[in-house]
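Each chain carries a letter (A, B, C and D) given by its place in the written order, and its residues are counted from 1.
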């Protein structure tokens, strides 16, 4: 599949001044550090790879079972296992050098200082185009608070990260809130350059024979096609309230799914759980968007937020 | 399938002093006024029928399309079409007379006075065992506020209904909130006798060819198996916080699904969307629970909240 | 108390009759069926796709092969348009599908058949007008109304192939590409056939039904249309399949009609065509 | 850049070999396969069930029917336990399934085969111990380690039927109901066979593996176990299939191993058996 310059620019999108060759990224935690998929898909055909959430220190994660399938989705309670920011910078990021797709680091901490420190370490990293802040992980209860459900705490995290890095900052929101618009405004006021959503919905599965939760941690994050209608709705609400670009995700499997988000207002999308089913899913989504754009004689930029209501 | 007295009492459950022959009810809005299913299932084998949400005046509902299928679920924006409380009492309720299952009326209003007035009209209705208050419908935006997402407004509704009827009051909660426990406490403090959850999650589907929402009302309520993990989690959280009995629902298709809720803390369950796929679904769920109870030599009452964690 | 029918029916045949159009036969000791009634099929027992799919009853098969409204099996005619119909098209004879039905009202046979001898004193000529897949429920109607005329409109040859079964009836065809019959829309044929004594029974895409209804209205004759809508339950419980009723319609407090239980056949003037 | 293998493979056969146990053949110009590796199958293209299902590679079929590790097809041996395996069992020859693999490490053949001549100076006797369905990945291993002994433990006759293919190998069987071979657990047989020069390769239920590992530990010999875990991706990306590593295990900052990419075969002392 060769793309000429015109077609490729019809697919490109821009977020916080960064240009992406197409609007399809991989979602954090579903694509490892990128190279895991190297043999199964063409990373050069992605808009960006968002790597597994990084913490200051390596983290071992939660005991198993960590995942369970649910109707049209899955629950996970990985516990944010990761190699830590230092190993990432030394061993993982360099492997992605020279690829046409961009790389975004996803970070999380247990304190605001953690977030700030992480942002600082990533600041001058070669090959990173942006930092995505995960304030919405429902699995780690340490410290007690879930930053992402409290607009004030969310704003404090964003503010701290904003001051610690020159990289564009994307804030990733949790769907487990009454009003997503309040969170969008809070993180925008705190200086985020873009908003991504949705992270997983908190859920639970019970093993009725053993009368125990299936997951060792009791609850986990629900992802996959099952959550897509909630994700599209929240993206639409967020896009209407936002001044900054929106990156939409939640249950995207096909190009048509991705287009729902883009038409509802997302400047880019992320493919998560679908990569488990088909490691080539994100590339196929990008190819399908290219077909749609050609068939409808339009561009991705024209499609963003083109939803007609009423 | 004959049930002897022992088996039947092993299945029975109690909510607000009312005894139900088994813990399986039909969910409001998914079972009409009961008789629609008369030819397809044996109403006598249900714990209770919860009828379509009633308002003071008949309501025409929303324009179509009102429903759309989604992965493992569906969105609906019926707009609470109903015959109104008077027609219900005169024409619908009497048809259910003489059945072994109980009948619960589900009500909603646009003002607190509406709710109070509705509760009053139903107060002496023969054949009703309880009133379920829908404070969580995401479809009707009239008046601006969604009672179910604001603990203070929710409490006001419950308080008003509580004062207007001698019937046990069940308050049905919305899942579209940051912390379900806050709502549970608010409606309990206001005097509800039981809590039912979850109502639908707000969602949206986009027709990418027409670049329009599929539903005429743009958004709708997501129901069906897709939402079950969220529903089980919320029931579990609610049950831990609650002093009153919980009625669990959201995506129940099989007896095993229902048992997830019961083990997580629900005293009864409601079957919703599944009745569209199989009009006999709720009865099959009840039969499956009977099998489980027999196989495990236990009772429904023992199963309630028997989840072991940690 | 459980007496209506929802059951696993064995597939007797499932053949592609024309490109992407299939005819499926289901073993089913049917109750009496009215032409225009439909069934809801569950095409999979997975949760995706989740909901049943509605299909008009195309034919009733009785032991003697006669045009009975009661039989030992039914046939459906369907087009593969999405996942549900694709799954259905892959099913083999001997496999079973879960059938809920017969559902809906169907065309008002007694009223239509009384042709001129009843108090309405018209309906001497029943014009059955089908567009594309909309021809399906008209077959059973045509079997009963032998004297009527069948008009068919379709895109081209593939769709026109659906009319083969109608030989023995007076049938006229229009195709958009002119490959079979008259070139143009079926409404052209309808204009030629419509008279003051006609009644129209129509099924097809909304655009076509709208045009047919307008013509019938102008001619001052009754027009019964069979509508489609997204459905979840098929039995009047979910209120999902609503269509708006027109000025002549139901009581003011009941602005919407359910396609599944009030329909799928409606008198065209009871429908608010603007809202469709 | 896209060079690893994920593709639609045609089913050549899919037969019930024993009650609810099936053997399926898939056409696949395989890369070199290590005994103990597995594949992830997508059994449906519906979204329910959503995830792929892991299955050990039971056999590699090469043109000449030889015990090659490279071939024109593979066979899997599976038991119907839920929806995914039921859907798989209904598939007919000629249909295709989407296969991702080969995945995981497999047993360390070179180390095992060097039997006594290597610097570890032991492994003169490889004891392959399978419990129930756990026999599947041992077949390919046994084909390569002709001198080894195969021990099988199962519930009864149906499961013991799985060992038929192993004729030509030294095989001993224990069944819980005593219907075939020795009555009791496979660990009884293992106790009899274990010697200071043995190495153990085992696959089966966790309880059995735990007991096998304990016996091997007591005897001071290497024990390689193949573990199972819930999996989403199969390629080390989701971190869903973690098992806790034991005291002798990996670095402190890496408490968990991924069954799909670090395993499924682990040295038993690298596993924290308490946490399983």
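Just so it is clear, a contact is a pair of C-beta atoms (placed from the backbone, for glycine too) under 8 Å apart; a residue touches a chain by one contact, two chains touch by 3 or more.
Because the structure is a prediction, the values reported are computed rather than measured.
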Completion exercise
If chain centres are mean C-alpha positions, then the most distant from subunit D is chain C
Fill in the blank from the handout: Cα centre of subunit A to Cα centre of subunit C, whole Å, reads 47
Problem - Approximate Å spacing (C-alpha centroids) for the pair subunit B, subunit C - result: 35
Problem - Distance from the mean Cα position of subunit D to that of subunit C, given in whole angstrom - result: 55
Problem - Touching two or more other chains - residue numbers and ranges from subunit D - result: 47-49
Exercise for the section: Would you give the residues of subunit A that are in contact with at least 2 other chains, written as numbers and ranges? Expected result: 71-73, 224-225
Exercise for the section: Could you tell me which shape the graph of touching chains takes: line, ring, star, complete or other? Expected result: complete
Exercise for the section: Report the residues of subunit D in contact with subunit C in the complex, numbered from low to high. Expected result: 44, 46-49, 83
Practice task
In the complex, go through subunit D and note every residue touching subunit A.
Solution key: 1-4, 6, 42, 47-52, 98, 100, 229-244, 253-256, 261, 275
Exercise for the section: Over in the complex, which subunit B residues touch subunit A? Could you list them? Expected result: 70-73, 75, 149, 176-179, 201-206, 208, 210-213, 218-219, 222, 224-230, 232-233, 236, 251, 256, 259-260, 263-264, 292, 303, 306-310
Problem - Residues of subunit D defined as touching subunit B within the complex - result: 47-48
Practice task
Please name which positions on subunit A make contact with subunit D in the complex.
Solution key: 29-32, 36-44, 52, 57-58, 60-69, 71-74, 76, 78, 81, 84, 224-225, 253, 273, 275-280
